[in-house]
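Written below as structure tokens is the structure these notes are about.
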């Protein structure tokens, strides 16, 4: 059992179903890993000989790292959650992961390929937590 | 002219119209101020005698501080912006500001009243940057 | 091989000896895990029935989470490192981990015990990167 | 009276002397401003035609922005402060501000000159909070 899971199971608030908790746990783990990978890819791009061609990639990595971290923190907090806020953050974070995966996918650098894979994994984990649009009227309000 | 404005006007990328730049500048300033105020209100609530009644307020403040900071950073970056991502982050941040203003508004503590005002101001600044739903199909997709 | 290690080995800057890289990798992993655990412990303490007795613990967790994250990011960046800065951040982070481990160790809550263990592990990983005082004159300046 | 000052004066913990509070308030304000300026300078350097010559500057700006923000947050929290931790963070942050000011000072870009000024201001504000070495044995331990 990972530390993240141990912390989740010993938290006083344990209202989630096992399936929900599993999806949240998977997302927190994927997002923290993605934030770390994007921070590393930002710096690897900066150290690259052709850094002038990597500026869009650096930008995508920065936004993705920032959003993954905040989203992981918001999912980690179980005290008085705000469902609309969570759904909107998940949506923004998924867009950031998707955009970073696409941009990193354009480059042959091994660090970009690993990063694209990581972002795709994070996007998939987020999808499991996003409710279908038909039952999330707040997103069209 | 504020430092934030000086940095914006000396940035190599200056594609915005004066009206757009003005709205972005106002939002960055409001969001950084809101992040600072919410960080302070989180801690003031924690130091309160009736902290057990302030947990929802602390949660709202934490989420709002985190999102205001990330949103301010994303708006500050002008290199290769991603419009859909920006709109979705603005939306999530507005929800966080609104939710924090409502929660802080329930408490008589002077720090909560100042924080509610600050969150309302940040929400207003975000509204000016949010495009109307009819022309942002990505938000209903 | 972990993602963090894959990213490190594919980074254009690979000046470290295997032993140095191993210590840096271990620290990054421990610090990111510690930041996640402290964020979770902060919220678990907030949800506790006796939150009024947990305020010092929440404060230690917040500072520790913040410093672990920044320190992990600074260690992750390999482009143009600043040795004095790194040593000073490592020192502050070790103090934060140590202080959080001590405070969490005072409480019987399972989440606090897991967090104390995690902080102790992070402190140990940091120790391996800290140079002995005799050869770091900047720390006594 | 600034929002930061209003929040400080309405915080339940007001143990500081007026002179101490004034120095803390000045530091929080300077550090938040410096974090914003460094985030902006990071991105302006990235957008520069000669980005390959700006990588050290970007690195200094990233570390400085991160440390200024965490230090401002730690100073903002008044609940159960940890003096040794605070002094060590202040020291690391001062080094980051100093290193960023020096690096930005090497470049003719207007954004770098504004950033160097801002970093110098933050360093000065931090100096007022740093205790002389003779009475801070923890820093030489």
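Each chain carries a letter (A, B, C and D) given by its place in the written order, and its residues are counted from 1.
Here is the rule we go by: contacts are C-beta pairs under 8 Å (C-beta built on N, C-alpha and C of every residue); 3 or more make two chains touch, one makes a residue touch a chain.
All figures in this text were calculated on a predicted structure; none of them were measured in a lab.
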{"item": "Reference chain D; chain at largest CA-centroid distance", "value": "A"}
{"item": "Averaged-CA centre spacing for the pair chain C and chain A, given as whole angstrom", "value": "21"}
{"item": "Geometric centre distance via CA averages, chain C-chain B, whole Å", "value": "29"}
{"item": "Residue list for chain B, restricted to those that touch at least two other chains", "value": "43, 46-47, 55, 58-59, 73, 77, 79"}
{"item": "Category of the chain touch graph - line, ring, star, complete, other", "value": "complete"}
{"item": "Residues of chain A that touch chain C when the two form their complex", "value": "3-4, 6-8, 10-13, 28, 32-33, 36-37, 39-41, 43-44, 46-49, 69, 72-73, 76-79, 109-111, 114-115, 118"}
{"item": "Chain D-facing residues of chain C, complex", "value": "55-56, 58-60, 62-63, 66-67, 70, 73-74, 77, 79-82, 84-85, 88-89, 91-92, 95-96, 99, 133, 138-141"}
{"item": "Residues of chain D defined as touching chain A within the complex", "value": "43, 46-47, 51-52, 55, 58-59"}
